[in-house]
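In the two complexes below, chain A is the common chain; its partner is chain B in one and chain C in the other.
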Partner chain A sequence: MTPELGQIALILALLLALAQSILPIIGAWRNNSAMMAVARPAAFGQGFFVVLAFVLLVWAFLRFDFSVQYVADNSNLALPWYYRITAVWGAHEGSMLLWIFILNVWTLALALFSRQLPEAFAARVLGVLGIISVGFIAFILFTSDPFGRLLPMPPDGGDLNPVLQDPGMTFHPPVIYMGYVGFSVAFAFSIAALLGGELEQAWVRWARPWTNIAWAFLTCGIVAGSWWAYAELGWGGWWFWDPVENASFMPWLVGTALIHAQAVTEKRGSLRAWTILLSIFAFSLSLLGTFLVRSGVLTSVHSFASDPRRGLFILCFLIFVVGGSLLLYALRAPKVAGGKPFAVVSRESAILVGNLMFTVAAAMVLLGTLFPLIGDALNLGKISVGPPYFGLLFPLLMLPIVLLLPFGPYLRWGKGEPQVLKRVMLRALLAAVACAVVAAFFVDGKLKAIAGVAAAVWVAVGVLLYIVKRWREMPRGRRYPAEMAGMLFAHAGVAIFLIGVLLSESLSATSDVRMAPGDTKQIGGYDFRFDGVHETQGPNWRADQGTVMVTRNGEPVAVMHPQKRTYTREQIQTESAIDPGVTRDLYVALGEPMDKEHIDGAWALRLYYKPFIRWLWFGGLMMMLGGFVSAGDRRFRVRRPANADAPEPVGAALLSETRA
Partner chain B sequence: MTRLLPFIGFLLLAGLLGFGIWWNTGHDQTAIPSPLINKPAPDFKLPLLYEPAQTVSRASLMGKPYLLNVFASWCIECGVEHPVLQAEAPTLGVALVGYNYKDAPDDAKAWLATHGNPYSVLMADTSGQTAIDFGVYAAPESFLVDAHGVIRYKHIGPITMDVVNDELKPAIASLQQEPH
Partner chain C sequence: MNPTRKRRLIVVLLVVAAAAVAVGLGVFALQQNMNYLFTPSQVQTGEASSHKTFRLGGMVKAGSIQRSKSSLLVTFTVVDADGAMPVEYTGILPDLFRDNQSVIATGHMDNAHFVATEVLAKHDETYMPKELKDAMAKAHKGKPVPEGGDMGGSP
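Moving on to the complex of A and B:
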């Protein structure tokens, strides 16, 4: 019975989403308060039914209700309860429900915290979110029903993709969706501004905390995904430029540009049209990601079972939402270049250069991702571009950003002072060169590693000098407002990330070896002794588990247990063993036995020594933290006019009225 | 006009994606067409694994169809298809020619000693040059070559019983029906 209730809940949610999308937008257009007032109750109602549907699916998994096709396909009696909850989003149908669930979390948050916004604006924002919701709920109901029955009911089910049976993986999809779907809020704000023909930039300030939070979640999701790829795939890499990784990375790149452009528009009024365009791009790329993963147009390690009908549905929705909003942009975007003028040397220019680089990088990634498709379309045969393309172009595009990044804060809005800048640059340069020279002795003159140290020191010194400057010049309590603290965190995170990437890329040592029990192999100064493989048993898997003793100069360092697991339904999954450390990771993956009949004999093993690799995720997490801290700035909460020096905009009076 | 550019760019992208859906309904994404099908097999001349003094070439194999199987002892998937080759080689109706790819001869011999040797001719290419000419990108791969030295069928990945029954045997049967 409960699965049918889930379906009914989804149908009711669809109807409420229709109400939420149509009535408030018409109301805002006709200036009809009653119609606009539908937005919030409809959003709460829709949220209630979506949460209900989600809970019912979780319930079906917890109760082993194999009469539900989706439950039977993705879980079995041996699967522990926590992975049965993960299984809710383990395949296409449920992950779409998660998408909708998270869209509703954002919508509910917005409905709750938007009471200080002008009535018509809030109505339009909620209306746009309603349209997106209509599209996705209809998609679930018409093409991807998670509540479909399977009769007769099988005694036991299939299995959750073993790749997903990992604690880190449990949180990766919800977190990444929080980010990707969260850009819908910035998108809705922009569309509402276009629809309403907003002349003031106040809406940008309202949009900023939402965008920052979405960006921080996306950062966290990408870091988690990269960490998972490293720990689980057994290839020792942390980024593969896989189409689906790219699908999450493109919105991140554009989102990064967006949070900076929003700062310019909010504070100076310039780049208005650009900020709107970036909000549309960021969310469009999120939708495009959903399309790429689920349409089967591109093949990837992440692909869900593909179905052309689903692809067609999302494509039509994509054309409606993205095409519609870009057309709206063409018709309604602010025609006059507004805002205060700025000089060549100014914070605006620096941010603009960064923005350009991020956008071009996103376009480059998009081109590379769609390359196989372009090849088919132009009848060039099977072609694709891989890591060499991305690996060459991406760093080139990021170089100007790394060079500019530490000095943005020093540049004043409007017109910066080249003198100040020169002094700081000189110090950062001296520090970078000095550290690079010292580092050169430790890294055998490897250029990439030296460049990594220099770049990281360049960024870090710039950030540190700015922290010191604020400490000296500003009175206590006003030194580091949250917005700035967040920016400094994120920028320091970039320095740490650079160390992680460039040092681990250049100094890693790998060895694919055949090892018999007792054999020893030395890598990166560590001795790995293979002590053979024995069988072991988990809740729903059995595994061949190796034992590798690691010593350094005779001192024991770690005992590592790489596994090769066979899950209930014969799916095989490697579990690498990792000995983490601040300055290096040791990593062992189990390959194949030399003789399948004798697993206690020799095995193929893959050994890695990865210096500083942990820093890249730590740097990513600092960027995430920066996003959250910035979003908490008091300025975004306290109601006051966008431009303190400008006369009170008319909206402010209306604002206080609506509040009362 | 410049404000329409993002919209126009998006239309192009949407067109490409629509094409992608249409294309994928008619094409198998994982199939990599070989440009060599129905073309003469590349010329090669390789030593035998067990008697390196003797060589085999494309010319010396002409006159009768054969199945060229690319394998190596280091190749995991080859271990998967090997039992199938062992069982089916006698019933195929064509000679099974082994092409030992980038392998140390001793490893290959040890591997064959353990798993059995289904090949009637077995050549070794430690450099892998011939594989490049054949467009091999991963072992195992198999090529059906007809009596005139023309490649008629190619299979990438391990040969399973399904592949034998559904693809390989029909391909061999159609060869044998042709007038010589």
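Moving on to the complex of A and C:
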């Protein structure tokens, strides 16, 4: 009975979403308060039913309801309860339900915290979110029903894909969806602003905290995904330029451009149309990303089976959202354009250059990711684009950003002073060169590692000098408002990230070796001794577990236990063993038994020494923290009368404060 | 030409130059890194002869996997409906690599056999990559194939 309840809940949610999308937008157009007032109750109602449907699916998993096809496909009696909960989003149907669940979390948050917004504006924002919701719930109901029955009911189910049975996977999809879906809020604000025309200029300030939070979640999700790929896929890499990774990375790139462009628009009124365009792109790429991951149109290391009906629906929905919003943009953007002029040397210019690079990088990734589809359509053959394409172009595009990033804050809005900049840059340059020279002795002259140290020091010194400058020049309590503190955190995170990426990429040592028990192999100064393999057992798997003793100069460092697991349905999964450290990770993965008869017990082993790799995730988490801290700025929470259509430059009073 | 126009002209020229550089680099990088997919029979008819590095897709022939006694060298045969290609690979094979599994190997030809630098098998064992399915279906028809597939495909 409960699965049918879930279906009914979704249908009711669809009806309420229709009400939430149509009535308030018409109401805002016709200035009809009664119709606009429908938005919040409809949003609450829709939220209730979507949450109910989601809970019912979780419930079906928890009580092994194998009469539900989706449950039977993705879980079994031996699967532990925590993986039965995560199995809810382990395949296509459930992840779509998770998507709509999270959209409703955002919508509810917005409905609760938008009371200070002008009535018509809030109605439009909620209306746009309602439209997105209609599209997704319809998609679930018509093509991807998670509550479909399976009769006769099987005694036991299939299995959750073993790669997904990992702690990282328990929170990676929800977090990354928080990011994807969060951009729908920025999108809704932009569309509402376009619909409202020139009346509303303050909307960017209202949109900023939401965009920052979404961006922070997406950052966190990408970091978690990268960590998962490193720990779980058994290849020791942290980024593969795989279509699925690119799918989450493109919205991140555009989102990063967006949060900076929003700052310009809010403080100076310039780049308004560009900000709107970016939020349309960010959300469109999020939609594209969601679908690329689950629809299986692209061959990827972790894509799943596809269904052409879904593809068609998705394509129509994408065309509707992207086409519709761009059409609206073309019609209305000229009305919202404006703002103050700025000189070539100014904070606006610096941000604009960064924006340009991020956007071009996103376009580059998009081209590389979709090229196989384009090639297919143009009869060019079955093509895939290799990682070196991204590996060559991406660093080139990011170089100007890394060079500019630490110095943006020194530049004033409107017109900056080149002399101040020169002084700071000179110091950063000296520090970077000095550190690079010192580092060169430690890294055997590897250029990439030296460049990494230099770039990281360049960024870090720039950020530190700015922190000192604020400390000296501003009175206590006004030194680091949350918005600025967030920016400093994120920029410092970039420095840490650079260290992690460039040092681990250039100094890693790896070896695939055949080892019999007792064999020793030295990598990166560590001795790995293989002590054989024995059988072990888990809740729903059995495994060959290896033992590897690691020593350094005779001192024991770690005992590592890599596994080769066989799950209930004979799926084989490598569980690597990782000995983490601040300056290095040791990583061991079991390959395969080299002699089937087990005479000498030799196995293929993959051994890694990965220096500083943890820094890149830590840097990513710093960026995430920056996003959250910025969003908490008191300025964004200031209540203002609902009918004041602030014609004066927004945040003018705070300009002097943010000026250094 | 007044100063404003002159400045604008400079800006426009810079933008055009930057775009040209970006497009040039992009096309170059793309050309260097495009890997085509061929099945064994397509390779045998010489379709892949103009490509140094390409991807070979097909099924692992049952019983063809041979391990070296002393190193990580492994040889196996990749087959499609009417072709077979011996493959040489040194390293660790993916978890799902086994007999009758669909695989995609990246590498180059060395005389009559294929030397792989990377071997991929899909995570989902019931699922054959769409591009591979298309390529094998096409090779099976045995018709002379132009450069690519005749797939409209799903969006």
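Methods note: the second predicted complex is superposed on the first by the 627 of 660 C-alpha atoms of A that agree within 3 Å, B and C clash if a C-alpha of one lies under 4 Å from a C-alpha of the other, contacts with A are read in each partner's own complex, and residues count from 1 in each chain.
As a working rule, a contact is a pair of C-beta atoms (placed from the backbone, for glycine too) under 8 Å apart; a residue touches a chain by one contact, two chains touch by 3 or more.
Given the structure is predicted, the values throughout are model-derived calculations rather than measurements.
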Checklist entry - Given the touch rule stated above, what does A:L315 touch, chain B (first), chain C (second), both, or neither? => result both
Next on the checklist: With both complexes superposed on chain A, which partner does A:G375 reach: first (chain B), second (chain C), both or neither?
Outcome noted: second
Item to check | Touched partner set for A:M364, first chain B, second chain C, both or neither | outcome: second
Next on the checklist: Contact-wise, after the overlay, does A:R476 reach chain B, chain C, both or neither (first, second, both, neither)?
Outcome noted: neither
Checklist entry - Which partner, chain B or chain C, is in contact with more residues of chain A? => result C
Item to check | Partner chain(s) touched by A:E592 [first = chain B, second = chain C, both, neither] | outcome: both
Item to check | Contacts of A:I383 with chain B and chain C, given as first, second, both or neither | outcome: second
Next on the checklist: Taking the superposition on A as described, I'd like to know which of chain B and chain C A:A333 touches: first, second, both or neither.
Outcome noted: first
Checklist entry - If you lay the two complexes on top of each other, which residues of chain A touch chain B in one and chain C in the other? => result 296-297, 299, 306, 308, 311-312, 315, 373, 376-377, 381-382, 592, 595
Next on the checklist: Which stretch or stretches of chain C touch chain A in the complex?
Outcome noted: 22, 25-26, 29-30, 32-38, 55, 67, 70-72, 90-93, 95-96, 104, 120, 123-127, 129-132, 134-135, 146-155
Checklist entry - How about chain B: which of its residues touch chain A in the complex? => result 3-4, 6-7, 10-11, 13-14, 16-21, 23-25, 27, 29-30, 32-33, 76, 79, 114
Checklist entry - Touching chain B in the complex: which residues of chain A? => result 273, 277, 280-281, 284, 288, 291, 295-299, 306, 308, 311-312, 315, 318-319, 322-323, 326-327, 329-331, 333, 370, 373-374, 376-377, 381-382, 592, 595-596
Checklist outcome for this item: Within their complex, chain A touches chain C through residues 161, 163, 234, 296-297, 299, 301-302, 304-306, 308, 311-312, 314-315, 360, 364, 367-368, 371-373, 375-377, 379-389, 392-393, 396, 512-514, 564, 571-574, 589, 591-592, 594-595, 604, 606
